[in-house]
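Note that the chains are named A, B, C and D in the order they appear, and that numbering of residues resets to 1 at the start of each chain.
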């Protein structure tokens, strides 16, 4: 019982983190049909900006509310700034090109932004542990859990809810869905797809950055730390179905739980099993578990 | 089943998620016959062609070819046994030259297994290919990339590629659509006379009744997925149902 | 048309060949200067806490020796009289990349020697290549015992003793200070969290072997954790260790991974429930300062860093004060280790020059270094293992305690284990030696 | 299959260029430079494999699977069976990768576009997960490779360099023979129109499968030769997804135009990397990323199309 609770909690925390990060990726893919390798850069930049702010705030003993404010600000700034530049000046010129070329372009962007981090922030690892330290631990089923990490699940729920509400209940959401479903029809309906793309990319970037910024206080941040995140979020998105929001949710829960179970029971299999699941899902259901519907084109 | 017929279908039916696209299709084709398939858009003509050539699998019913059950075979198996087709929208290799297109088609019909590893450019094949290009009047264009050609030329190439496989039964899906009015009869004269010489059985989908009248031995009319008339062209074109549902007057 | 392109390609390609061919010039060095590559992590998680202090330690000592300002016995100016030009290079990117860079150092930059390397993985990769290219290489920090136990090396030296001693000393400290009389048999369980590569695997393996000898009644956990190097995120591993009944947790984590682990574990009260023994985590004690938990059993891989901070040996006081003056920080373990490699190289060069009567060749320097005994900061180190190429030295462990009055971290209950106590005699494989009950060991 | 292959323009040029390179490398160029050529030629084999796949519009984001598999096959055969002979090494690497490619081909031949890319990625990461965590496979450290031998005598660097050059020539001859064959043309045709290929009576999946195995063999050989020339294998620089990305990058940089292009591209990549790392260690990834973007935007046909433009200009001047 104690074992199961702990595994489930660990899995949940990891899944929440994966969900926030991969949600942005899946939305970007769903709307723009772009598999964005540079999503990892958003994650990294969010984490770095938040870390700098949190370390400054923590060293000067500011009120802890500022931590959370700075985390969201970091996500917004990173998403807005890089999202705008990347979409407006690079990706926009590439729509309609071969999908592989676009992936490669984002790969190039990823490389550039990685080194930009090194140049701007230096090589030292940053550890903005203040918020996590402040919230401390909580005993659940005989094991101390970090309270801050648990709040990650809360954030994931809130993000998921906002996303659901936006897509299902607002006019903008419906507009977006029609673009996802069929771009040409949307254009003919008078939707400004160019703007929709820009905004989507920025929001996707913000979500990636939010994942990085929020998880920053619980990890060590150093150049190159995003490289694993990229492929991990790819796995989540592929498992759930590229472009599907519920898919990202299920995908991250699956990966999170499987990983937690592996670390507890057979640590050697930790990495192997995640990608094995990805491969198996692709073999059985190439479109992923929750493939978004496709228009029938004759 | 009767071996007298080269192609026979029995109660052929196809439905897409509950919507019926073709049903109760019973057709028997004799060797060497030239048959015109007519019908309004969405009447089930192309579905019929697709089922025969293995592109679609019938929901129920059987297809027999020379007495053998060929229901649900794969397209390439259909080609192997001698059932070939052309397409409504020409299916050619757009980034290659006309000659390369035909050369690939020819080498696939003539070479087997390890022979496919031999160079594509081969003098004997090349000469033969030129002959066919000449026959179909696309010799001048042989070194042009297909995507630069007109619809009509592509159509000719498409048919040529289907014919080089020496099929026993050839299904042509609207061979003259997209071809200019002046060219139409020229093309059909070339195609049909060539096919008649080799004794190939031909089924072609056609909208132009002048062409139907001129070339076919027999007409099969489709309406809402069913065969409404199967007769000689003279009789069929005077058939009430055909006039009402196909000719639309 | 087609043929024209091919011709263009050939001519462009040949021009390219000629251009890079002429770009190349052999840098001929007069023998009053020598060129040495110094490799440590300058980027990534291992940069800040390990690689940068390491580079600074080397830099400080190289500059002092070049200027002749270092205290005795290193007060003679230069390396066999020559000034050393150091090329500092980044160690990150994995073994394969480092091997390619090493070849470049030797063949493109024409260095006279190579010094450094922190990661055991990189040392394992570089070792054979150094021999193949016949390049004198002094490893500074890496600790895997496999380096010399798999094969003797002709051109490779290591001034740092291997992980066997670090792990055995850790096991002995635990056995002597915690398990003897203080705990019931049921409490005598241990587990570990180590990085999944040569260093981490070897460290835990020898800790386990040591426990079996020192305290046969103690039981090892069936699920020790081996996360990937530079994983940075240990939530699940900490849960798994928390669930484990074992009280003692051994870790050979280093670089940013260790800091990250400490912070993540601390939030979850980990250090209150477990006795953590860390073989190389000294860097975090300074970076985290008063936040670092008390009561962690801490080693520094030899008489360096945190554990000898207050030692009054003149060489040590010189090093500490100069380092603090120049870099505004305490020298850490890696600073000492890199400085030590430079010192050993200098001594060997001087010795070889003296016996050759002129500037020594590389072979002369190698034979001078073989089996050499040299003064480190607080102790004397000898190349007595690995065919005279592998140094051994004493290892110490102590318990961390933050000194509130001074505002500085300290260690208490410091125990030092002599090399003869924790390393097998020359020519014996560590694993065999321990399994045979460590015959001939001399402790105290 | 090889009839008249030596009369082929591209093959003749390739052989000529590589021969000159071998002479230069053996007698004139400094060793570090021949090293770079050696790495470039080895990696070029994998790029050639990717190029062949790309002609059917299949882009593998996991080709490091075969590259790494070949390299590890060499490493493991040395560790467990003491195999160091260069011929055996190459054979083992190619065979191992070929067999794996053959097995996985049954699955992958059904996939196209981004799904092909993603499934390849997944397979390569499965291997990565295995190698990075399993201690007996060396975990993230990987393994050292001792210098190669040739019938018992140790092979020097120059000899290895020439050996790799000869392998590259053979690979070029083989690949060109394949590409000019009916089957080779057919697979290019698949990119244009799969339906027609099926109706011409050939199985698209089979054609892709054959192509995939060829590509895997080339990548495996590349990995094996890379392992032999570097003397080290490890998962991060042989199997990780970013390695696959690098291979794809070199493919696009080289262009799909010609059989020699992958090797020129790979060699140039090797030099860019060496110099970028030496001159700007903090920004070498940025330089590579920038190059990639520049190629995509300004020369989508890769370096090969630049050569063609150059040729065009030269012709103009001559007129």
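Quick notes
Basically, contacts are C-beta pairs under 8 Å (C-beta built on N, C-alpha and C of every residue); 3 or more make two chains touch, one makes a residue touch a chain.
The structure presented is a predicted model; accordingly, all values stated were derived computationally and were not measured.
Under the contact definition stated at the top, the chains bordering both chain A and chain D are C. Chain centres computed from CA atoms place B at the largest separation from chain C.
Comparing chain pairs A-C and B-D, the larger number of C-beta contacts belongs to A-C. Remark: chain A and chain B have CA centroids separated by 52 Å (rounded to whole angstrom). The distance from the centre of chain C to the centre of chain D, each centre being the mean of the chain's C-alpha atoms, comes to 37 Å. In terms of their C-alpha centroids, the spacing between chain B and chain D amounts to 43 Å. Each of the following residues of chain D touches two or more other chains: 132-133, 282. The multi-chain contact residues of chain C, meaning those touching 2 or more other chains, are 42-43, 226, 228.
Listed by label, the pairs of touching chains are A-C, A-D, B-D, C-D. In the complex of the two chains, the chain D residues touching chain C come out as 9-10, 12-13, 16-17, 20-21, 24, 28-33, 35, 39, 132-133, 135, 139-142, 144, 146-147, 230-234, 236-238, 258, 260, 264, 271, 274, 277-278, 281-282, 304, 307-308, 310-311, 314-315.
On the chain B side of its complex with chain D, the touching residues are 53, 55, 74-76, 78-80, 84-85, 87, 91-96, 100, 103-105, 107-109, 111, 114-121, 161-162, 165. By the touch criterion given at the top, residues 42-45, 47-49, 52, 92, 223, 225-228, 230, 232-233, 235-237, 239-240, 242-243, 256-257, 259-260, 263-264, 266-270, 273, 291 of chain C touch chain A in their complex.
Partner chain B is touched in their complex by these residues of chain D: 1, 3-4, 177-178, 180-186, 188-189, 191-193, 195-196, 198-203. For chain D in complex with chain A, the residues that touch the partner chain are 57, 59, 61, 107, 111, 113-115, 117-119, 121-123, 125-126, 128-130, 132-134, 240-242, 245, 248-249, 252, 282-286, 288-293, 296-297, 300.
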